[in-house]
Amino acid sequence: MTGPALEGIIAYPVTPFTPGENGGENGGGGDGGVDTEALTALVDRLIDAGCHAIAPLGSTGESAYLDDQEWYTAAEAALAAVAGRVPTVVGVADLTTRGAVRRARFAERAGADAVMVLPQAYWKLDEREVTGHFTAVADAVTVPVMLYNNPATSGVDLSPELMVSLVERVENITMVKESSGDVRRMHRLARLTDGALPFYNGSNPLALAAFAAGAAGWCTAAPCLIPGPVLELHRAVRAGEWDLAREVFQRQLPVLEFILGGGLPTTVKAGLALLGLEVGGPRRPLLPLDPAGTARLAELLAAAG
Amino acid sequence: MTGPALEGIIAYPVTPFTPGENGGENGGGGDGGVDTEALTALVDRLIDAGCHAIAPLGSTGESAYLDDQEWYTAAEAALAAVAGRVPTVVGVADLTTRGAVRRARFAERAGADAVMVLPQAYWKLDEREVTGHFTAVADAVTVPVMLYNNPATSGVDLSPELMVSLVERVENITMVKESSGDVRRMHRLARLTDGALPFYNGSNPLALAAFAAGAAGWCTAAPCLIPGPVLELHRAVRAGEWDLAREVFQRQLPVLEFILGGGLPTTVKAGLALLGLEVGGPRRPLLPLDPAGTARLAELLAAAG
Amino acid sequence: MTGPALEGIIAYPVTPFTPGENGGENGGGGDGGVDTEALTALVDRLIDAGCHAIAPLGSTGESAYLDDQEWYTAAEAALAAVAGRVPTVVGVADLTTRGAVRRARFAERAGADAVMVLPQAYWKLDEREVTGHFTAVADAVTVPVMLYNNPATSGVDLSPELMVSLVERVENITMVKESSGDVRRMHRLARLTDGALPFYNGSNPLALAAFAAGAAGWCTAAPCLIPGPVLELHRAVRAGEWDLAREVFQRQLPVLEFILGGGLPTTVKAGLALLGLEVGGPRRPLLPLDPAGTARLAELLAAAG
Amino acid sequence: MTGPALEGIIAYPVTPFTPGENGGENGGGGDGGVDTEALTALVDRLIDAGCHAIAPLGSTGESAYLDDQEWYTAAEAALAAVAGRVPTVVGVADLTTRGAVRRARFAERAGADAVMVLPQAYWKLDEREVTGHFTAVADAVTVPVMLYNNPATSGVDLSPELMVSLVERVENITMVKESSGDVRRMHRLARLTDGALPFYNGSNPLALAAFAAGAAGWCTAAPCLIPGPVLELHRAVRAGEWDLAREVFQRQLPVLEFILGGGLPTTVKAGLALLGLEVGGPRRPLLPLDPAGTARLAELLAAAG
């Protein structure tokens, strides 16, 4: 990346949708188009709160459920809203390599500081295929590429060894985001590279353990709902105040577990509505959080605040 | 379905691709468009061999890797090639419900006798969401819908109980394809419906066990390569010649295991080239079968023939 | 084995316990000693019903929960009760190799026709260790050894390839019992040995699929409760009456699934009490089936009868 | 516990064996009896190095492979060797509840400060059965009981919720050892009890993450081989020197991963021989570390020292 390396709290906004024709039918919709106005408002909130970077179109951003045109609209709107105030990392995931290349190129042209690439598997991919995918996307852009391991959503589990070999072989692959939920993977990444590879935690319930393991940052949608506690955790860790960090983490953990357990787009969109920012429901087959879940989330947000 | 119920060997053609601009680069390509001529030739072969139904755009047909326009082209070409000679079942899988609805409607208009619907998960889907997805697709068409359970590729595991409840609640959901690889699921489907629900086996290595369990048919790409043994197995089973069936099955099992283990589009496309029908490689990130694998496949085909 | 190979229904009796001092306390006990009288009565029932072989001290026989002296008592009593009327296979499982050797030797001296050996893992065993264990036990006796793969209870999963290599290398290892619940393993065993290796199914819900795959027999505790249907299934299969076999199997499947799901010692002991043979409860930490489960089992037995 | 709570590095000695009759045969033996002299020497080493507590007869101590008499001998020898210099926790694991009760009572009479109880499953245990097992053992002694969750070796996975409910219901169940390898379990334990329940980490590669999560101690066999680095990690953590702690942890991590991956009794015994303390091999079916593994371990020990 030009400029300083990515560090700290990397915030993942949802992609808001306008109600659409069938909006009412399913208690929330998601069949409308991208609501760029709400997206802009959300990005502003995240930056105003102090987040260190913005990452639109991640898993939380329902990237997988958008057609190309919608994806372009969301990418442009998010990057325009950031307007260079903090670094940006745009999520790129597609079942085909050519689709991922197309989106990565678009993101670069639109001004992204980096792209985060998740290989998606319908048919099981072997190492040769995963390597071909990442290499093709990295070759198509000049911005830095962050490898993203998230077996639960992508269906591909990238071993630390494979990721390190990609970092070593491809010049602009320079970062790793680990969302497998296993902190031992992070220690292995550190060990395999003598601590030289910046890695980022993408599993909310591992936030404290990941910082202890030396993570450069935390990729999270939680700042959409509880930016204060999330930033306070990071501050305490960086200040070496680990007892405070643990206390701050324990207090926000119920929210972190809840939003992950219920699916991030579903729960974070419900939470944003509770906080007064209307962003629509998730796109079907995802359904809006049900009333009992919404009531529970309201309680948890109140307790964490 | 209008007419008799689906029965026997339901053959899954691959979707052939033209070489495309980058075809040479990656030893086989897959970046060109749909090769309708080769698709027509393949469908003819399958029907001439005696297959009882044709199912284009299944997992083997790389449905997940096609854009809408390509998908429409493949669906139309396959249905035109069949020309009513045998029943057709068109595979419908999309990460979004609206995409699945769009494709199902297209298939019906293009003359499909039935659609096979696979829910695809990026975010984990709960029962409410799976039910909503299937119901929306079924409501959008009048042809019969086959529920398709294939947790390994779709990321969603549909329990026999959930599938039976969908069959009971939605009028045109009338069949189940089981590809979990666990024959106990089939026995449970039979037990839960007193044998009234036609179920189809989609796991090649389970073919014999599934027929023993009462499967109405076998959904398989194997007839692309070894139609004779596949049809002979079915004939022996229906004639009650189980010792012969076991022998015929054992002889073809190495091919069945190989094509499944290596990924069906990858291996079946390589096998078709070996048999003289050029269909291009699979679409990237999938890569063509490597030379060692191709040599092994040639041996297995020779031994099974 | 001297004499004809093992074939058909191999019945697994439970090991009955006398009430013991603390019997009343926990609603059923299991802390008393081996009730040889009830064991003899149970063996008689199984043979009278027509079972083709008796296998005491399997998983169902709570072999893992007996001390050496109790185990010897149960082995002797069961073999004496059989009195050569049908072949016998005695289950041998111990965490240590020396314990397994000791029990296998005892079984041979007491007249067992064969021993069935399950490696039990506390620490994960590699192939070298598993091979050493089986070889040591086989070398210690002259009777045939049946390899027993049951990863769910033993913690070791024996691949078909490993088992076949053991059969090839060790003269008196001559049979395999497969309880992984995956019928594909059986087809692989058949394929790897050109059908020459007798294999036996140990997973009740796979009974029909296993016979279709060519299993020489079915190792099961179900004859303790429903000997008629179990034997009728075998008869129909051997007569080539597969439609009848499927019907007979479907009717007994609810019982098979229930007794497996609830733990065989627990449920079979409860069922025997329902049928008028008092055999005590299972040994703690196992607890007797609760009243709701017992009521459900009574219904299922009535329906299967 | 009487006196201060258990804290810090809780060291797990192996159980040394004398060569035995067949010692030479299998390259290391394990068929001899307990070598109390070597056990005493090992305990002395661990205490001299500064370990805060000693826990004989854990998984590392091959507790599962000892008969009762050997187990008693090892327990007595270890407790005598400690001679009250540091607290002791004796591991109690048995497939039967009565066996676990017998061993726990013996440990208490022999002077153990606490017992650590691992439920072992042959048949899957439900919550009622697990609860019955722990309650019976706890009721049989007056010393504090540490619940031990180690699904990989025991076959039972204890949820944080179940463990907390046992702590709440049974007076002398006062501590938890977590070896599932998932740090999120520890955070949940802390959250469910507002930090009041002392929990201990039993997964070596999680040592740093566990301390960050608030673990009261680390239960580990590593001090048998690298006491210095293990104690230095603990010191740095308690001093709040997290950067140093991370560095110290990274340096010892290759040893931690190696000894866990190869099985603790196997690798730790090989390592002790390398360090000049002859403790025999593990008991069969476990086999001594092979020469290549031993050479690798020697390198890793040299690098970590």
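Every chain is named by a letter (A, B, C and D) in the order it is written, and numbering of its residues begins at 1.
FYI, a contact is a pair of C-beta atoms (placed from the backbone, for glycine too) under 8 Å apart; a residue touches a chain by one contact, two chains touch by 3 or more.
Per UniProt, the chains are A, B, C, D = Dihydrodipicolinate synthase family protein.
For clarity, every value in this text was computed on a predicted model and none was experimentally measured.
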Task: Contact-graph separation of chain B and chain C, given in steps at minimum - done: 1
Open item on the list: Suppose chain centres are the mean of their C-alpha atoms. Which chain sits farthest from chain C?
Closed with: A
Open item on the list: Given that chain C and chain D are copies of one sequence and touch, is their interface built from the same residue numbers on both sides (over half shared) or different ones?
Closed with: same
- [ ] Starting from the mean Cα coordinates of chain C and chain D, work out the distance between those two points in Å.
- [x] 34
Open item on the list: Averaging over Cα atoms per chain, report the distance between chain B and chain D in Å.
Closed with: 51
Open item on the list: Taking the mean of the C-alpha atoms as each chain's centre, how many Å separate chain A from chain D?
Closed with: 39
TODO: Among the residues of chain C, pick out those that touch two or more other chains and give their numbers.
DONE: none
Open item on the list: Can you give me every chain pair that touches, using the contact definition above?
Closed with: A-B, A-D, B-C, C-D
TODO: Give every residue of chain A touching chain B within the complex, in rising order.
DONE: 26, 31, 59, 64-65, 95-98, 119-120, 122-125, 128-130, 132-133, 136, 152-153, 155, 263-266, 282-287, 290
Task: chain C to chain B touching residues, read off their complex - done: 181-184, 187, 190-191, 195, 205-206, 208-209, 211-214, 240, 242, 246, 249-250, 253-254
